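One structure is given below, encoded as structure tokens.
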Amino acid sequence: MSVNVKPLSDRVLVEPAVAEEKTAGGIIIPDTAKEKPQKGKIVAVGNGKKDEPITVKVGDSVLYGKYAGTEINIEGKDYLIMRESDIFAIV
Amino acid sequence: MSVNVKPLSDRVLVEPAVAEEKTAGGIIIPDTAKEKPQKGKIVAVGNGKKDEPITVKVGDSVLYGKYAGTEINIEGKDYLIMRESDIFAIV
Amino acid sequence: MSVNVKPLSDRVLVEPAVAEEKTAGGIIIPDTAKEKPQKGKIVAVGNGKKDEPITVKVGDSVLYGKYAGTEINIEGKDYLIMRESDIFAIV
Amino acid sequence: MSVNVKPLSDRVLVEPAVAEEKTAGGIIIPDTAKEKPQKGKIVAVGNGKKDEPITVKVGDSVLYGKYAGTEINIEGKDYLIMRESDIFAIV
Amino acid sequence: MSVNVKPLSDRVLVEPAVAEEKTAGGIIIPDTAKEKPQKGKIVAVGNGKKDEPITVKVGDSVLYGKYAGTEINIEGKDYLIMRESDIFAIV
Amino acid sequence: MSVNVKPLSDRVLVEPAVAEEKTAGGIIIPDTAKEKPQKGKIVAVGNGKKDEPITVKVGDSVLYGKYAGTEINIEGKDYLIMRESDIFAIV
Amino acid sequence: MSVNVKPLSDRVLVEPAVAEEKTAGGIIIPDTAKEKPQKGKIVAVGNGKKDEPITVKVGDSVLYGKYAGTEINIEGKDYLIMRESDIFAIV
């Protein structure tokens, strides 16, 4: 699904995954003291900074910090716009 | 519509869009805890910094942070002057 | 009008314009929450920093932040001395 | 054991070792005032930053700060994702 | 008048002018809210930093911030030693 | 005596000397207000940063700040792991 | 007098001069509000940083800030170890 948004510089647009706070066996997991990364899918990427091209691609599944990015609503759907450096890993 | 203002360095002049705080169906949306980006149109751009040309163009529709920039009144109309790095994306 | 002051590095000397806090129709404008830029005229400029020449010229009308610069009195007249980066735009 | 996670930039994925707070002779060691490093094994590494390749390899046993990294759960197992600079030494 | 002090790096030695807090007509000027620059004369300069030679010369009359520099007493006379960047302008 | 630890980047492993808080004549020296450096011996060094090789060598006696480094226990013995920049001098 | 200490990087070893808090005429000078520099003699210097060689030499009389450096006792005598940038001037 494509969106009509072009992030600037080293920013990317992320569609957050629905939170699962249960184990495979259905047990509800309480929050722990440590911040947990969030999961999402890249839907748009910027052109990167000079000498630092963006390394994630549209469609990548990524993990990012709980407080990363800024909420942005496009055609009734919530996305997050964040810097690529807020992303921990591709999963 | 052109204005007689030349932003310096990596600054741009933005004409803020009128805020819409209703959904398409007319329901008033209350503020949430997360900061929401604002929408506006670029009306003037600076020359950029050495090795970092400005990438937005006059006429671009952009999203930026709620607290970005400084208000500036030109011929009775309010604009915002901000650094290009305050802009999240072109929409 | 020329002054006998040579700003150092990336500094400029600005003659502040007289504040107008009325609209064209004569209504007094109260201060708003957002900081408003101030207007002034460049009367002297430094030589810039290495690789960053000064881009404003003597005679330019400029906008700058309310708290920019340091007051300096030359022959009974008040000026402001500030860094070029404190200037938002040429108007 | 391989995991399907690709850390970005200068990040690495670490599988923490089980804490041993006893001496060889079986005496329980109380916490001291000084922060103690933690031990773990590298299970995935990023591509490094421009001009700064990653120097640890998958399989390396490493020491890192007690508060380094972000917890991440992959297929029911806890890992830590951290920047390589959070790692003190290979042991 | 020469002094036997060689400032290091980008530092300069300044002989502060005697403060005049009266107008030409003899009226005592009260302090205002804005910090006013101070006047002095350069009596010694360092060799500058790599790629940033010192631009003021011995004998230059300069303006500097009220809290700039460190007092230093040489043969019973008070001077200020400060970085060149603390100097606003040559007058 | 060699240890099986390879510090990363600009880090070094230091074996702290036993504290002597008496003068040669046996008088106990009370702590003064000023932080005193600590003495130790380098037992392992990292490869340094790009363009900044490590300058201390294994076997060097060094002075370092009281609060420098992180304690690390190797085979029952306490060491400190710190950045080379935490070391003041070779003695 | 030589000491067996080799400061690292941009550090220097300084032998502080005995404080004189009297004028030539013997009057005791009370402390003023402004920090006064201290005087000392360079007894050892580091090799400097890459591209920034040390500019003071052993034997130079220098002025430095009251709170500069770390006390270090060598063979019963107190010295200060500080970065060269903590030194204001050679006198």
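Just so it is clear, A, B, C, D, E, F and G label the chains in written order, and each chain counts residues from 1 on its own.
The rule is simple: a residue touches a chain if its C-beta (ideal position, glycine included) is under 8 Å from a C-beta of that chain, and two chains touch if they have at least 3 such contacts.
Remember, predicted model here, so these are calculated numbers, not experimental data.
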**Message:** Based only on mean CA positions, could you tell me how far chain A sits from chain B in angstrom?
**Reply:** 24
**Rounded Å distance, chain C centre to chain G centre (Cα mean)** = 43
**Asked** So which stretches of chain E touch two or more other chains?
**Response** none
**Asked** So that we know how the chains sit together, what is the shape of their touch graph: line, ring, star, complete or other?
**Response** ring
**Complete:** So, starting at chain E and moving first to chain G, the ring lists as E, G, F, D, A, B, C
**Fill in**
Seen from chain C, its contact residues with chain B in the complex are 23-24, 32, 34-37, 51-52, 55-56, 63, 65, 84-85, 87-91
**Message:** Taking the touch rule as given, give the residues of chain A at its contact with chain B in the complex, in rising order.
**Reply:** 4-9, 11, 13, 44, 46-47, 50, 70-74, 76, 81
